[in-house]
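After this come two complexes, each holding subunit A, first together with subunit B and then together with subunit C.
Then we have the complex of A and B:
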């Protein structure tokens, strides 16, 4: 806990507050004031908190990141930008935490579907935002959520009405360009009954030290189907906090694919609340090189009977990188017939790499089938030997197997253009000798 | 049919059979804890000066500490001033010289518990150190062990007769600063067992300590120290019971094991402290720190525990694998019924090269009990080719209980291989139906399935203990099947 820093941020807050969106809405003003109080009291989370025991965010406290108060797109390299922009999507581009209409593409959107910036939504549909904002992300969870609530400057708002199936994915492209900048964004995704949507969150930045603090709240209506992809490829010096908080209604399906590649220190929260017979699938891949610290924190809350959850997280850690996985499955009292399986597999490639993993089962019902598994280790010597016996040299064999280990997660992506970008990212991070791209 | 129903009723009606109280004249300190009590305690025990200093240091440190809150258990704050820190059966001047001098009441109590303090009962073939409340009342087979060069005596005696060993090793695995209850134990421990196995000796028989809490309003703080010198081998058993009382009693023990080069220590526990009644009233708070240091190369420590008693269990028998090629094992069955709470598991710290550890934990939760496995596997950078295999299975019986698994895995060495697996389920209807269809009662069927579930652990127990453990399991589960 560092309240001195907290108050530094808090002191600055007064100058920022007037330009934050939704200041005219009393409910939001009150919510922000409450969040500010909560944050001021605690500061950023400390490793003394159980949920943060392997991740020390004091690096953020040492610096003072400042939010940009308006859109400053400036001189963005359009080629670079294009390499992250997916074809054939509706897109919302946030630059330094502000919506850029110029870069976004929202043409041909069905009239019943809302996809807009959060600032817009607060003007056009304040009632709907009020109904959902802060109901999936619990402020008392940890102070990053409070921080986000108080500071958020913009975000993405998606509402898909009953029975509407979106034929194109929606991309949220989150770009930070400024040095010592802070981009705090809040996203809400609502899929009503029987609706279907795919949303892609892409976090990128220009080679600078900056802070991203994004919170996404997802509401999956009964029998609706939402797939959320997150590709985090922040700059090497950046700090990233990204939380996805999901509420699933009866029979709702939710799938999350989390690709954590960038950032000096990156933490993702994925917390899902499951209702009667909902299905939840969480996939993740984290690749750490150099001095990166990548933390993934998942929680699946089985609140009602008959829900199913599947979770698979894989990590590859090289150089001095440190990977953290914390996964928790809670089965509430009376959530009978729960079926839950969680797996975490880690590959350590160097002597200085480290992995800390903490899968947890908390079960209060008896008629359940729950399991989890963790492995930390090296490539299978037998597989390497097999390849060598087929005239593949050892180094190439290792590269191939490492790639194959990671590629299992990439192959789960069902959107071709995203698949290719993610694959590019994976290949860029590890020696690719022997990995023939044409096979892929 | 009606006969078997009657049988079930009888079974359910069965009580904690070790719950009797032995009427004895005792020397008991008035409740309360301050430095003066520690001075008195040390004086009563006729301890060397360094021990008193150690105790005071620990006590002062304890005062600066707070009760740990991280475990998954709930209990009201303990009033440490309401506990008496010393209670011993009245005895003659220098303690009993032979069995004849032990208070017959005490002997009777152990007889009732099925513990032979009588060396004539050769059949048992186990050397026993019996600890009654705060003091050790008898140690059997001393002569035979002496021949082999094995030292097996109450720790208070070792303090007088082998102070150099105590000074060297006490607190070297669990320092007095380690945790709240370890600090308290270091300050006020009253007795326990001391074992030293010299170089190259294979201990000729199983060693055993039997702990008994008898007096009311006391806490039991025992301390066990086992040192296995180079190439030696010892198997040690521990059992415990307490009378049935409505109030909670505190048991805060510390066990330290030290295994030198090529030494093997096998430590088995059948813990059957009074668990409280079926409404959760009374029972023992079992807050224990157990740790082994595999100091030498190729050393091996194996913990086996069967935890069926205690209102609250808070216990993590751990291994520090310092020596190259050393091995740590942990086999555990923890059974909780009614309102019992258990937070137990292990820590395996891999430091040396080629160290390996195995963790097999079976948790069974019935009634309204909460059963938690909490374990840490830590592989330091120096532990090349470290290997760990962990398996935690939980069985749930009844819809009001909870089973939780909190493993921590921290790996800093790429050549390490760590595997963790956990499952949670209930007894399958099919298995139950199959057994019943073959004429077994529901109760027997559950007992049989549970015993099968625990088999991997039971087969690690010495034979006599395995039989006792199986019977205990059946007893503890009674009334949990509708």
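Then we have the complex of A and C:
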């Protein structure tokens, strides 16, 4: 705990508070004040906390990141932007934590569907926001959530009404351009009963040290279906905290694809609460090179009977990179007939790379089917020789096998344009030698 | 084509091959038989360059070059092909991708341009038909979830497409039912040519009914204890390996 940092942020807060969205709403003002107090008392999470054992965020405390008070889109390279912005989506672009109407695309949105910036939503649909904000992400969980609640400058708000099936994905493109900047954003995605939506969160930044602290709350109504993709390709000096907190109603289906590629230190939380016969699928791929530290922290709460959860996280760590996987599955006493499977597979490409993996099953019901598996290993020598015997040189063989390991997760992406961008990101991080894209 | 002289190979401190001598000329088919653990796979592995073996004595010369000096992939590009006794599963790499990578490496090695995509597809589909395989196998991950017989067939498919000069087949017939054995043998026979040599490791005469060898060698305790023509295999089938082993002990 470093409260000195916390009080520095608290002092800063007074200057920014007046321009934060929703200041006219008493409930939000109170919520933010409470969050600020919680954060001031705590500071950023400390490795003494069980959920932060393997991830030390003291690097963040050494700097004082400052929020930008308004939109400063400035001189964004349009080619660069295009390489991340997907065509054929509705998009909300946030630059340094603020909505850019100019870069976003919300045309032809069905009139019953809401896709807008959080600041807009707080003006147009404050009651809806009040009903949901902070109800999936528990402020007492850890202080990044409190930090986010106190500081968020904008975000994405999505509401898909009953039975509405979106025929295009929604993209949240989160861009940070400033040095020592901080972008704190809050997102809410609501899919009512039997609705269907696909949302893509893309986190990118320009080669700077900055802090992203984003919290996304997802509400999947009964028998509704939501797929959330996250591609985190922050700058390699950046700090990233991103939490996705999901509440699934009865029979609700939720799928998450988490691609953790960027950042000097990156932490993702994915926590899902499952109701009766909900289905939850969590997929993850983390690639670490150089001195990157990439932490993924998942929690699946089986609260009621008959829910199904499937989780597969894969990690590839090279150089001196460090990966963390903490996956918890909790099966409540009432959650009979739970069917849950969690797997974490890691490939270490160098002697200095490291991974801490900690799958945890906490089962309080007695009639359940739960399993988990973990592997940490190197490339298989037999496979390398087999490829060599088929004319492939050793380095290419290693790259082929590494790529194949990672590509299993990329192949799960059902949106073609996103698939191609993620594939590019994977290829850019590992030697392309040996993987001929044209042949794939 | 291949000349093996007094080859001694150990794994760690344990000698496994103890002075192998073998001359293989282009166009010939050699069968190697012998009891379990006699060193047949070890010989195949050493010739194709698998790590973990130490050559303590002797030499293997392939087309005038020191084979044992070459990296495994160079041997493969120079035309040495090993059909594995236990083919390896490679999840995430499709059969067709590997075939393309392999074929293009050979072409590059020979100073030729990459294979044309259409020509490649025609070639591959031709060979798939020859081995009576389902085209779907091309798009599946290499050997992943294949049955034992399918894996062996896939090895021969690769061999048929890569057109090696020296084909080493390690127990390709084991695990094949009689129909598959016929198909695979026909595939192999279609590859026979005056420029190509075959080394077939097998336990069974059955295979040799379909692919008639010019020479049969018996490997026991790391040495070739007897060599002969195709008739030797029949004699072995009748009398068992102990016959040659005893013979050798007596001599």
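Please note the rule applied: the second predicted complex is superposed on the first by the 440 of 440 C-alpha atoms of A that agree within 3 Å, B and C clash if a C-alpha of one lies under 4 Å from a C-alpha of the other, contacts with A are read in each partner's own complex, and residues count from 1 in each chain.
Note that in this section a contact is a pair of C-beta atoms (placed from the backbone, for glycine too) under 8 Å apart; a residue touches a chain by one contact, two chains touch by 3 or more.
Remember, predicted model here, so these are calculated numbers, not experimental data.
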Clash-or-fit label for the pair subunit B, subunit C on subunit A: fit
Partner chain(s) touched by A:81 [first = subunit B, second = subunit C, both, neither]: neither
Partner touching more residues of subunit A, whether subunit B or subunit C: B
Partner chain in contact with A:25 - subunit B first, subunit C second, else both or neither: neither
Which superposed partner A:113 touches (first subunit B, second subunit C, both, neither): neither
Contacts of A:385 with subunit B and subunit C, given as first, second, both or neither: second
Which of subunit B and subunit C A:277 touches, first, second, both or neither: neither
Contacts of A:400 with subunit B and subunit C, given as first, second, both or neither: second
Contacts of A:348 with subunit B and subunit C, given as first, second, both or neither: first
Subunit A-centred angle between subunit C and subunit B, computed on Cα centres after superposition, in steps of 10 °: 70
Touching partner for A:333 - first (subunit B), second (subunit C), both, neither: first
Overlay on shared chain A, then closest C-alpha pair between subunit B and subunit C (Å): 15
Residues of subunit A defined as touching subunit C within the complex: 381-383, 385-394, 396, 400-401, 403-405, 407-408, 436, 439-440
For the subunit A and subunit B complex, residues of the former touching the latter: 50, 333-334, 336, 346, 348-378
For the subunit C and subunit A complex, residues of the former touching the latter: 48-51, 71-73, 76-77, 81-82, 84, 87-88, 90-93, 97-98, 100-103, 105-106, 109, 141, 158, 162
Residue numbers on subunit B that touch subunit A, as the complex places them: 70, 379, 381, 394, 396-426
